[in-house]
Amino acid sequence: MKSSARFHGRWTPFVLGLPQLMLIVLFFYWPTLKGWWWSWHLECPFGHCSTFVGFGNYARELKDGSFYASLLTTAVFSALSVSLSVLVALLLAGMVELHQRSGKLFRNLLIWPYAVAGSVLGVILKVAASPSIGLMGYLNTLWPGFWQPHLSGVQAMSMVVFAFAWTQIPFDFIVLVAALRSIPTDYMAAAAIDGAGPLRRFIDIQVPMIRPQLFFVAMINLIDSITNSFAIIDTMTQGGPGGATDILAYKIYRDGFIGLDLSGSSALSMLLMLLVLAVSAVQFVMFERQARREA
Amino acid sequence: MSGAAIQVRGLSKRYGERTVMEQLDIDFATGQFTVVLGPSGCGKSTLLRVIAGLEEADQGTVSIGDVDMTRTPPQSRGCAMVFQNYALYPHMSVRDNIGYALKLAGLDRVERERRIGEAAELLGLRDLLDRKPTQLSGGQRQRVAIGRAIARRQRVLLFDEPLSNLDAKLRHDMRMELRRLHNEIGATTIFVTHDQMEAMTLADRVVLLNKGQVEQAGTPMALYHQPRTTFVAGFIGTPPMNVLTAHHEGDYATIEDGGRLHVDQRASQRTSMMIGIRPEAIALDAPNGIIATLDAIEDLGSHRVIYVRIGRQRVLAIDHGRRPFQPGETLSLGFPPDAICCFDAATGERMARVAEVQA
Amino acid sequence: MNMVERHPLLKATTLVLLMLSLVFALGPIYLALCSASVTSHQILLHGLALLPGKYLWENLSAVLHRADIGHMLVNSCVVSLIVVAGKLALASTSAFAAVYFRSRVRHLVFWGTFITLLLPLEVRIVPTYAVASDLFEPLRSILTLFTGLHLHASLNLLDSYTGLSLPLMASATGTFLFRQFYLTVPAELSEAARMDGAGPVRFFVDILLPLSKANFAALGTIVFLTTWKDYMWPLVAISRPEMRTISLGISTFLPTETGQPPEWNLVMAAALIALAPPLVVIGLTQRWFVRGVTGVGK
């Protein structure tokens, strides 16, 4: 791109950009600042009194065992669901690319789950996983009392991990298929002539060459698993049993809207923001490094 | 349609740290076809864009038709432009592409149609008017871009390397056509290119730019036969002029391991100088000439390119004869006196001409 | 790429695996379809149906006749379309301001919106709720801070279409898609337009918008789908049942612990109704959808 500007005008760009900026200020910067403010003050629930308490809210949260439990739950949930969705999507993309004719059909069908909202999937799976009428009920006829997701934390967690990964796979799949198709065919031809079969080519050529996109989808999944898994948790487990699926975003919601503890939930929000920002920063740095290597 | 004279005065342009041009003065005469020639990065495109008003100069003024237009927006300068990649609006038909500027200028439908028809006629686009740019070949797109520019009937036509995306055959055809169009339209035309062949065939006047400065301006033949500097000598002509280092002493120039030439300038003491000679001026079998060794021959059918060495210096000659040559053969080269250019070794500028071969 | 290769075993294995994954991918949808087409009695007796039954239309119409799901569908459509329209308009214009002008506003627009990519709505949900419940609060605070005046205007956006859609528009993904696209439009095109006498607004309307059609379609599809599927913001911003969107309202179909005998077939029928419109959108706009996903990054 040429460095020169294309149009002059002091007010035109301002007028064009203003609506977007106003909206962002109102619904992004202002709430973020407000949350920041609350996190340092003790607020009456949606009232109009507040006292500055410094680190008080943070200290309270950081001393609370349930914060660390929730953090750990978040870590486990994110790690499992992200690796599951990226791995499955990668394998699916690789396999679809292997099949010339049927590949197109699979490609079109495998993206359908994108249409299913987290809450809708949550409802369907909750019914499907019900010990009395659901599919897993068959396990209980073999081993009575084995499948109890409303009692077993491990089972509840695996349920939401499966559900969340399911909602993420179509996105990962689409990106990775596009990535695989962008590899110049010369590389694959050269490897084939060098004697590498399809499996070898997948491991030695395709996967290394789409590493940036793999990293990209992993990061998107990671941030999504921290923030966007709410619908599934809320419809399937409500954070239970016994806090086994109580990830941070859910805890913030419960503390803020059900417990009406604005200060505590704001302090938690700030910590969550830090977490998300850290992830984004890692992503940004890696992308910069990648870009510099390519340049 | 008549043209307008353009004066550029004291033009300076920097991009960040990099200075593209410094205090440049150029004039373009009314109705003349001027080719601005130069290697990439010499500032020729910047000059064109500053004249068009697409870019602002850091210093200096541009006047068109004796009116200072330095601060005038592009559409009011009376210039039309043809871009390197044509810049046709992809979603508009050929007709709409040509007519867009006319519509913006507020011309009514009848007048617009008339002008579009005229431009189409002139460029042979009549049957393509309803096509989209993607349905056209490269040469056809080029014609549409030119048609769009001339339909506006501006006093100044600007071309930014418009032929560089065409293949050799089309480029040749377009050159002929551009020249014909210019003769019909008569607008002041500035044509920017790095291709010296285009400059030689199209221009009334060539301006050779180097590092943001005018290296030489004049008719194509003046640049070819009387290059002002070694840079011009090396830039114009395929193959370019041979430039050899020599020692100047008395009124003789001595080429190491080659022999002596008589020049009409006296040097009181032994100094360095440069001798320039066009490949086609060199005679290959001159009695008592400069001694050279033949390296290789390229036979192009119409002529042969002969690669020779004089001492350690490489020289190209063009031969139209049929005599068989052997690599390694020793040749005696004749440098006709009126074809020799002498350059000052320190400044690279031409000193004078005249010389005589002496054994 | 079509190479002459024979790997029958690999081909067969991967084909089986692909079919298996298709079962997993479409399983939940299939399950909903089957269980939505049998009677409630059948499910209580035999568990969820694995084969389609005969009562799909009965169940669907039973669910649709509960007035609230009709409301929910309308709400989802309205909110999704508002967000699509708003985001397309905001994204195309703000990206234009960010790419085609040199003024400092361009950096302001760029960085101001770039930051929003880093923090999704979900992590600032509580204060966003507070802002939506009292839109003029920032204005009042600033006024009080600088002039000492107290303003008494207030505007509560909760339980309204405006309140549901505005915060969902306040992100930069669309702006970035358009910015990427504008950067690929040759600079010569805008220069040609300037030479032809077009100002920025003319260029935007006559040249840039027609060229952006594909991007509008792609972004529109993605925004429609994500808005339709959104759950958390409607959950906190809506308290009146008639304002619920379908993705939010779907959980109200789950039986409560102490309620009537659960009608699982109707729950599944409701789920089917909730996922049908986005599925149709994906089916109809496959090309734009895929393009949008790879372009927007979700």
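Every chain is named by a letter (A, B and C) in the order it is written, and numbering of its residues begins at 1.
What we mean here is this: a residue touches a chain if its C-beta (ideal position, glycine included) is under 8 Å from a C-beta of that chain, and two chains touch if they have at least 3 such contacts.
Here's who's who by UniProt: A = sn-glycerol-3-phosphate transport system permease protein UgpA; B = ABC transporter ATP-binding protein; C = sn-glycerol-3-phosphate transport system permease protein UgpE.
Quantities reported herein were computed from a predicted structural model and do not represent experimental measurements.
> Does B-C or A-C have the larger number of C-beta pairs in contact?
Between the two chain pairs, A-C has more contacting C-beta pairs.
> From the C-alpha centres, identify the chain that is farthest from chain A.
Following the centroid criterion, the farthest chain would be B.
> Hey, how far is the Cα centre of chain A from the one of chain B, in Å?
It comes to 59 Å between the two C-alpha centres.
> Using the average of all C-alpha atoms in each chain as its centre, how far is it in Å between chain B and chain C?
57
> Between chain A and chain C, what is the separation of their C-alpha centroids in Å?
Averaging C-alpha atoms per chain gives centres 16 Å apart.
> Can you list the chain B residues in contact with two or more other chains?
Within chain B, residues 54, 73 contact more than one other chain.
> Check each residue of chain C and list the ones that touch at least two other chains.
Expected reply: 191, 194.
> Please list all residues of chain A that touch 2 or more other chains.
4, 8
> Residues of chain A touching chain C in their complex?
1-2, 4-10, 12-14, 16-17, 19-21, 23-24, 26-28, 30-32, 34-35, 38, 46, 88, 91-92, 95-96, 98-100, 102, 106, 108-128, 132-135, 137, 166, 169-171, 174-175, 178, 185, 188-189, 192, 197-199, 216, 220, 223-224, 226-228, 230-231, 234-235, 249, 252-253, 256-257, 262, 265-266, 269, 272-273, 276-277, 280
> Where on chain C does chain A make contact in their complex?
Interface residues on the chain C side: 1-3, 5, 7, 10-11, 14-15, 17-18, 21-22, 24-26, 28-29, 31-32, 35, 43-44, 47-48, 89-91, 93-94, 96-98, 100-103, 105-106, 108-109, 112-113, 115-120, 122-132, 135, 138, 166-167, 169-172, 175, 183, 187, 190-191, 194, 199-201, 203, 225, 228-232, 235-236, 247-248, 250-251, 253-254, 264, 267-268, 270-271, 274-275, 278-279, 281-282, 286, 289-290, 293-294, 297-298.
> Using the touch definition from the top, list the residues of chain B that touch chain C in their complex.
Contact set of chain B toward chain C: 49, 52-54, 73-75, 79-81, 83-91, 100-101, 104-105, 148, 152.
> Where on chain C is chain B touching in the complex?
186, 188-189, 191-198, 202, 206-207, 210-211
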